[in-house]
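So, here come the structures, one by one.
Shared between the two complexes below is subunit A, which pairs with subunit B and subunit C, respectively.
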Partner chain A sequence: MSSSMLPIVENIPVKYFIEPVPPMDRPRRFLEVFAAVLKHSHYRYVLDHFARVAAKCGMCAVECPVYQTTGITTDVPCARSGLLLDVYRRHFTAEGRLMARLTAARPLENADIDAMTEAFYRCTACRRCNLQCPMGLDHGLITHLGRYILSEMGIAPKALVVSVREQLVGKSGNTSGIPAPALLDTLSFLEEDLKDKFGLDIKLPTDVEGAEYVFFPAVSDYLLEPDVLMGQAAVFHATGDSWTIGTGYFDGINYGLFYNDRFLEDIVHKEVAECRRLKGKKMLIGECGHASRTAKGFVPTYGGENPPPVINILEYTDRAIQEGKLKLNPDVIEDRVTYHDPCNYARSGWIVEQPRRIIRSFIKDFVEMEPHGKENYCCGGGGGTVSIDEMRGFRTGIGGKRKAEQLRATGAKYVIAPCANCKKQLKEVIEDHKLEIELIGLHDLILRAIEF
Partner chain B sequence: MDTLIELGRGPLFRFAVALAVLGLLRHAVLSLWGMRQVLRRAGDKRFALGPVIQRTLVHLNPVRYFTGNRGVYSILSTLFHVGLILVPILFAGHIRLWQRGLGIGWPALPMSVADALTILTVVTGVLLVVGRAWFVASREMSRPQDWLLPPLIAFEFLSGYLLAHPGSNPFDLQLVTLLHVGVGDLLLLVTPFTKIAHCAMLPFSQLVSEMAWKFVPGAGHDVVKTLGKEGQPI
Partner chain C sequence: MAQLKVGDFSLDLDEDGFIQQPEKWDKNVALALAETEGVNELSEKHWKLVNYLREYYQKFGVAPMIRKVCKDTNMKLNEIYELFPSGPAKGACKVAGLPKPTGCV
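== the complex of A and B ==
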């Protein structure tokens, strides 16, 4: 890995709106929630280990794009995790309680909760730091847990809470508030566009029982990324596989991953229920990193008996190309193209080569960012922060600064970002850093090059 | 002073070794037992040991860090650990101590190699502290144990070197012996309670991280019940 420190920029505090919280003794409530979470989960096992082996060596510091940009010690992943690990050690271990008595250690205070409230949302949960931690600490998990505890006290960004509320108990049942009739209208328009473009009846089928794939894109794609959806429909038309969009539930987004395990589970239940209602064989997730990771990782956890297999659209399209079912014209895209690895695809090594095989099959001038793949830099809007508009200054100015430098260095005309959250963030990074590069989804480009 | 030295080399040493070994064993057993508990309650009980072992081996390979952003620090840390692991076990003087305490012995490192490793450990131990002080992020995050352990270890090796080479020792032999034995016992005593415990726990880090994301179905709703928040709106 090669990544030196960027010139340090002035810090931008992270502030986000939260809904009104009833008056409470916050330190006491924090400890009550923490105790309840430890009682019902496996986090104690993890915290015991991490609290003991943390070496505070700072190896993670130089991997974190936020710390690289601010140079502030509280942005070091190990320091941030330490906020929660210290509370755990002090209040939930025998040694910690004994030492606290012997040394008259101060108890948890409001200031500690304020520090966590900010620190856990300065982290984009990209988990890049995990790659270099010699002790193997998963700081992304600590961020997740810290946010979870805070959210059960009522401290969570309003933007995330409102979206999840609409998704779980709202009338539309999705994070963008799209009613099913509006969805059907949108699909109908897209089919007409496809007819105009190719002269073919390319369908975006709904509520087909027994389809091979039940499709869950980031629901915002229906509003913002019509070309991505048409590209995916065109791929299915070429392969001839059966697929469907369920009108009962059609949102792949799962913000539970970013702040609350209860909602993570409830949203997975909705996806699985829709797949079962339609008797679908597999769940297919669209161009969205966290939607794919939550489905891949948590459908087996929360999906009950025989949970449906989960695949991502990039895996699907890659396989279609390998099997010769998809033809892409290599002469359509002449400009230089680069590819942004969404952290939730690439950090684990799950989806790294598939998009590159697709790209190389029809794009002549493809250039990598450095570093890339598993070692990529986060767009700066990870961990759900992209949905928090009031954080934009921080997201693009600090979280996205490293990515902006990477993009500029490629000299590319297009950057492909196959993730709804990365797309929104990178558009803002491009605007705020005045970059001469255009953001695009992978299936947008496929739509331009596909041949029937 | 002789009595103190004998105490440190005899009963206190045996106690310290027992505490260190049992403490580390406890950590190792709890790591494995915890995995069993996780898999029992997790919604996703699938577990493939192969990839975890592979990731563990990759993570334990110190060479991968040499070309990273803190390559010098990583090289120093690795050299420090080489001496730290080999000398206490394979130095002839220590083997005699092990033989006396445990009744078993093994081949020793040649004296010249043991000397070189000892000096390497002392030098790198000091440099690691300097590096910690130099790098702002490490310095500001450091706890007392982060500052104290490397110098204590370096001192233990330095005093050991002086004892093995009495001609080079300008200090009182008995005092150096007492300090060497005392610090050695102290390091053993704190092993299970400080980050030194990573010597037994590090091989389980990737396993623990793998288990960490294996959540318990219904746990979130149970938390809400415990907190008395049932029925409250999202």
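== the complex of A and C ==
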């Protein structure tokens, strides 16, 4: 392909919240925030190491779906990370400061801050590049840190900021602004639907004290994904385990992962507090990649003494099948099905085999995308970018281009994406690339095939 | 900030064209909002959907689940898209004077 055929997007139109920092003071403010973050975190150890070993060898370039599509050198992961590592070397290491003095290096400028802002939101934080880095750099972590520093000086995408504000200080206390009475109304609607479908009283129980599992889905599922929720309720009906939804707090989403560590911690506290209020034994996270990864990774860190264990619904359903508690009719789904690995499940190898065991137990015509599992391609809307509507053209045309090609190659009728983030993004990828494939959740299909 | 002109007064709009003061909503505001969505006339079916969303929002403070909208108004999702091309959340809810949905929607 000649380079002229590549779609070049120089700037993505993201609406940022910019607190009133005078333009002249932005570089100073950036360095102050950077210094404060280094002082109050463990990032210095990581940066020290990365700044020493980063070789800019470019091995990561072939792994990045954004760079593969744009061909712009600033989209190469190590070039992007280099923006922040250069600032670190220049301002926060003794050698860097000395060299800067000897060579009269130029200071940090406004343009550098704009370049970092653009670069860190072109990255979907899928961490596919980590697989190939011979020096072990985690470019996703650098993106995360870069966004954190920017957000502390008031630069963060509006879509993320308003959602987190509603979640942490708003009336509803969740990212979609769903008040508890609306949740209850929705749950009784779903229970009616289940009754119509199966003739059974399948509950979506609320505020049950001492339940084995306290359930936190992506709260947007309560607006968009009735079948996923009913499928999960049906699985619990089959296993007979006790579970509950807490009306005090019922959102698994944690956008802190995407731009700010302080919010990440505050949101984890809310989840854990609700689990404790209900004397629940474990936290169960629904079909949502980043919600699962933040809970799994940070409840042990921020969850206080004896933090509750965290499991994901796919792990739960897989085990229920292994233990023979769940019967799925293998003759219901005849169409070809493929499975999209959410990066936040699969990159670490955490949830790769479980969904495949579930799928193979009742779906005959299952095809894989290549590559898949730990090496999967991002849906193109990772790292919180899916919530930024104005980025849609970038997300589906560039970030999601490889995924669209993969989807088309399967010839499948359905693509399963067990993640609220990937679901929204893949629906838009399918629309924008005019693909003949339908997006579906894993528990939607389970709902169709489950037998009692 | 963008403004929506309705008769002789105007309302603040956010960048996505949603009204900022949901309590100021009335039928004329709905008509003006519909025009911004490229819907120049509101049929009985449009009003049925808009009024349903409005009533639900006033009772519960949020839009209902999309499946519930379809069931309660007896409309299919594609019919809603025919009425409001930007769909239930970003089209119909906007005209009904709801704020822009946040989070993963």
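Note that the second predicted complex is superposed on the first by the 428 of 452 C-alpha atoms of A that agree within 3 Å, B and C clash if a C-alpha of one lies under 4 Å from a C-alpha of the other, contacts with A are read in each partner's own complex, and residues count from 1 in each chain.
Heads up, the rule we're going with is that contacts are C-beta pairs under 8 Å (C-beta built on N, C-alpha and C of every residue); 3 or more make two chains touch, one makes a residue touch a chain.
Just so you know, these numbers come straight off a predicted model, no measurement behind them.
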So, A:42: does it touch subunit B (first), subunit C (second), both, or neither? first
Kindly classify A:79 by the partners it touches after superposition: subunit B alone (first), subunit C alone (second), both, or neither? first
Looking at the overlay, does A:174 come into contact with subunit B only (first), subunit C only (second), both, or neither? second
Which partner does A:363 reach: the first (subunit B), the second (subunit C), both, or neither? neither
Between subunit C and subunit B, which one touches more residues of subunit A when both complexes sit on the common chain A? B
Partner chain(s) touched by A:186 [first = subunit B, second = subunit C, both, neither]: second
Have a look at where A:378 lands relative to subunit B and subunit C in the superposition and call it first, second, both or neither. neither
With both complexes overlaid on chain A, does A:58 touch subunit B (first), subunit C (second), both or neither? first
Under the stated contact criterion, what part of subunit C meets subunit A in this complex? 15-16, 60-68, 71, 89, 99, 101-105
For subunit A, which residues are in contact with subunit B within the complex? 1-4, 32-33, 36-37, 39-43, 45-46, 48-50, 52-59, 61-63, 67, 71, 73, 76, 78-79, 82, 95, 130, 132, 134-138, 141, 152, 161, 164-165, 168-169, 260-266, 297-298, 300-303
What residues of subunit B sit close enough to touch subunit A in their complex? 27, 30-31, 34, 37-38, 41-44, 46, 59, 62, 65, 67-70, 73-74, 77, 132, 135-138, 140-143, 146, 193, 195, 197-198, 201-202, 204-206, 208-209, 211-224, 226-227, 229, 233-234
So in the complex, which bits of subunit A are touching subunit C? 15, 158-159, 162-163, 166, 171-172, 174-179, 181-182, 185-186, 189, 193, 218-220, 222-224, 226, 253, 288, 386-387, 389, 420-421, 424
